[in-house]
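Below you'll find a set of structures to go through.
Note that chain A is present in both complexes that follow, paired respectively with chain B and with chain C.
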Partner chain A sequence: MTDIANAPKAATTKKPGLKERYALMTRGLDWETTYQPMEEVFPYATYEGIKIHDWDKWEDPFRLTMDAYWKYQAEKERKLYAIMDAFAQNNGHLGLTDARYLNSLKLFLTGVSPLEYMAHRGFAHVGRQLPGVGARVACQMQSLDELRHAQTQIHSMSNYNKLYDGFHSWRHMHDRVWYLSVPKSFFDDAITAGPFEYMIAIGFSFEYVLTNLLFVPFISGAAYNGDMGAMAFGFSAQSDESRHMTLGLEAIKFMLEQDPDNLPIVQHWIDKWFWRGYRVLTLVAMMLDYMLPKKVMSWKEAWEIYAEENGGALFQDLARYGIRPPLGWQQACDDKEHLSAQAWSTFYQYQGAAPFHTWMPSAEEMDWQSEKYPDSFDEYYRPRFEHWAEQEAAGNRFYNGTLPMLCQVCQIPMLFTEPGDPTRICYRESEHKGETYHTCSDGCKNIFDYEPEKYVQAWLPVQQIYQGNCFGPDADPTAADFNPLLEVIKWYRMNVGVDNSPYEGSRDQQNFQAWKQQTTSNAPAGGSPAGA
Partner chain B sequence: MSTVFIAFQTNETSRGIVEAITDDNPTAVVNEQPAMVKVDVPDSMTIYRSTIEEKLGRRFDLQEMQVHLITLSGHVDESDDEFTLSWKQ
Partner chain C sequence: MAVAAVKEYVGVPKDTQDKFHGAQLTFIGWLDHLMFCAPFAVPLPPDMPFGAIIEGVLPGACGHHPDFAKIDWSTVEWTKGGKPFSPDPAKSLTENGMRHKDSITFRTPGLTGIKGSST
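Let's look at the complex of A and B:
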């Protein structure tokens, strides 16, 4: 004890130090090929225009070697599964604040977890294609991390699938449901880019600038609402994200230091991927402000801490390389007042086509919104929400039966408003080979105009429905009573009238109340729970 | 002036780590949230293995922080004895 306490700070050790061990374990592991030219072994290394002169300059600041990686990851897994088992064994779901909370997990499982799997594939691919060994080792670890995230999320949330609706067909839905094309197309866009663009898209813009907004306040909120399972997988995943963020930052510094010609290419990717990622976070804004029954912080507060303060510091730091904050940054900061309310309004209207429950905020929750959004909620959103709540109470709940126009790039319905005018929906148009394409913002229009040949190929759910591509094999469009929207919902594998019903009166709501009563009583709770 | 931060899951190990950070970085601001604790320091923070070992009363490998870590910001520089986060101005 004494010798530890009295040891000088930054004492040196005799065995190889961390920097030395890292160098020994990551250098000299590759070789120059002799049977095949190197450019055929690494065919994607140059076509994006990024110039790299010395891969040995790449250094992973965490200096994590493979042996240490396995040791700490194994420890994380043991902790995580112990918590998940304990949570399930003790009927942890009955400790939730409210079953409304579960709907944020349904969105997470269908929208986010499949992206973790795609990130696993993406980093495996990029790790294979980057010619530098240090970068390859880091990508390999990240690929394994992402696979772990997908698996732990599925395991944790599968416990809820035994008891609650809407958790059953997440993988099937991810490839089909209208709003799930938003996160899906984001990752498809990244993984079809070259390896350097992928590193900026996922490693830098998504991991460094944006994942904090999902995995920190939302997961802290999961804990606050009694979900130890989501808390455990979320924080366990984010502990890997710290490494991923550091990798993303290293990737960008490395590209910028290697050749001045890389700067404009990198800046364009930052502009593009900041905006792509920000649009996906629309779902997170709504989860924080509307779907957590007990709220940790508002989207606006989270944005101020993790984007404005932290992202601001980052871009100030990168200014020495000539990097400026991404295009669209100011608009994203201004829109923090409106994003969550505009998104929740949309999901409320399209409840019939979404496999999770929606509701209007209670009077107390609307007061919370007024307090958190004093400059926007009472003026723009409270009147609409109070009207809808009244109509719902009177048995006249509003459903929008018309399919929305989608943005060609982010694939979100045209729900965002003009910069500076929250009363007018924003529309942008581009012409390409005689066709008109629609986008939701200047950010998405810029992305489209730069690579139209990529985005004209988008699989847009609304267009696909109208073209008749979203019905099951037994649907008969010639039948007199053919109901196209009902057929689409069936094709999504939603349990019609159950998964896509309003929260009020839903089977989840009834079961949760009945099961909660049973926790403090020995009497049967008035028959078996609904649907059991 | 920019802020660096680091956040940990709330547990007995991270309690010692956070005490070590606040001892060694007098301008640190500790921000407790449900199930997590976030520490902000202007410009840079250094975490010393030796201070954590004093707080925990046992040997500690700085890479053990990975098990409790949630997130961080700033450039990382890590050795066996020190872990530094900083923004370069």
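Let's look at the complex of A and C:
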């Protein structure tokens, strides 16, 4: 403990260095409480079963102090907002490859940006609850980072809201729309866990193991498709992300080094959160393979680089603590052949309930799929997509008008197939207190069976719709012409027939073409911006 | 341990049968036809005859598929909870042993989707 009162006077000493100031903040400023017992000050520190003997063993490789943190972040903000302003003022949106690209941003804004905000809340909570001050300070900084990421993403994408459809009610939608219950329930699960599980869930499994599969595809996708705004927020977040990854890795190593009893608990969390994170990445797989007009790489290639190679090396490194690769790892590797096509099929047929546009891949794009997925695309998915494209050309586009069965844990429609057999849906079932619960995979069933009391409470959108809980206050279910699915779409605040229409013939498509033409010809002004 | 919690913790399910206004939720999957990305979820009256699924529910749900009109219902193989199931079309769902949130599937021999791709 540093004795502040007896410290030498400032005039006679030089200013302490960064390392020294960090040590003062994270070791010297903490104290054992005496008016209140420590277990009441930190009420969540022990119930998960994690044993910590010496918080001073916590090693934060970044050793950031608050003044340094503010300085770095302010510098990054200045650069970021200069780029965003320039992009907006120069009609940067007209430099996009194609307006189809915007749909990946709509997916990001509705599905991912709200998670950044939840991560902010989660780390603020954990930063309060962990008894070790080094970990607390690191979590506090990550909490601020996550708030900044949420803000910069919203600012960057708000530029498109003036001009294109589907960007307007992302926050409202996040709590209601069927597919957004997937990312929402993922984070709600994490934030209602204890502080140590949260560190493994978000700090380690998500930030360390899976983050490259989320951010690299989106941000590279932005770069490949001319979106300077999204690219800039991605780069601005990058140095934060590397700090987050290091924090996650330190958290897991610290838990494992503190007590051998922590190993089985940590292993279970890795199994669980790898699988939960992987299921959320279903949306990214589809974005990479189907939504980017100019493609960066296939989902399969991304998985091989960022999961199989990088993740494989990580788990080799952790083997010395007794950690093995997560359950479900092999299945995730096998499913890379099918994930994106199965997901895109789902959004295509439920287009009417999604606030972004879908389309069938062009003949050229189908050839790209065949080349990237030689073992699966032509056999399983080309016949489906060609059939749909033909039907669409004949004016008979396929819409699935019946709601799907959902997985109790990941909340994704039960679209995943049995390991090793892409022609059969994978069904898993559990009983708890006389009720039946359905899951999409061994991974989700294991999670349910371990903590059924938590997952029986899932707010499953399909079940809620059928109970009549998803209509606006002005809906009248007794009216003769009551259309329940239309009322749900209105409750989602989708602009019916505009936000949720097929891309072909959409206002986004027409406006983009008209505006783009004006930049290179003397064509008369056309197009009507979103909301007009 | 059914949950990790700081004190006694009881989860309240949000989809028990009493919340469905007299209906029971039924999940129906058509095997080898993944053009329908996931099994269907439909709320049905428990006293409805099973045959009404074939005549009243499935045409609306599956009619878009070219195989649907070709189904010979006398050869269809059903499962319930993954086990073989021989429903009597004239009897009600309850009389056929179907409960809330049961999952049934049907296979249509000889019909395996667009170009045999299980689509």
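Going forward, the second predicted complex is superposed on the first by the 498 of 532 C-alpha atoms of A that agree within 3 Å, B and C clash if a C-alpha of one lies under 4 Å from a C-alpha of the other, contacts with A are read in each partner's own complex, and residues count from 1 in each chain.
In this text, a residue touches a chain if its C-beta (ideal position, glycine included) is under 8 Å from a C-beta of that chain, and two chains touch if they have at least 3 such contacts.
The model shown is predicted, which means the values in this text are computed figures rather than measured ones.
In the superposition on chain A, A:Val216 makes contact with chain B only, while chain C stays out of contact range.
Of the two partner chains, chain B is the only one touched by A:Leu18; chain C is not. Looking at the shared chain after the overlay, A:Ala480 reaches neither chain B nor chain C.
In the overlay built on the shared chain, the residue A:Asn310 is in contact with chain B alone; chain C does not reach it. Of the two partner chains placed around the shared chain by superposition, neither chain B nor chain C is touched by A:Ala363.
Look at A:Ser345: by the touch rule set out above, it reaches chain C but stays clear of chain B. Contacts of A:Glu75 after superposition: chain B is touched, whereas chain C is not reached. Using the contact criterion defined above for the overlaid structures, shared-chain residue A:Ser242 touches chain B, although it does not reach chain C.
Chain A residues in contact with chain B (one complex) as well as with chain C (other complex) do not exist.
Those residues of chain A whose C-beta lies close enough to touch chain C in the complex are 43-44, 47-49, 193-194, 197, 342, 345-346, 349-350, 379-381, 383-384, 387, 398, 400-406, 413-415, 417, 422-425, 427, 429, 432, 435-438, 451-460, 462-464, 466-468. The part of chain C that touches chain A in the complex is made up of residues 1-6, 9-16, 19-21, 23, 25, 27, 29, 31-32, 34-43, 60-61, 64, 81-82, 99-103, 113-115, 117-119. Touching chain A in their complex are the following residues of chain B: 2-5, 7, 9, 33-36, 48, 50-51, 53-54, 57, 59, 63-64, 66-82, 87-89.
Remark: chain A residues 1, 4-5, 7-13, 17-19, 61-64, 68, 72, 75-76, 79, 212, 215-216, 219-221, 223-224, 231, 235, 238-239, 241-243, 245-246, 249, 296-297, 309-310, 312-314, 316-317, 320 touch chain B in the complex.
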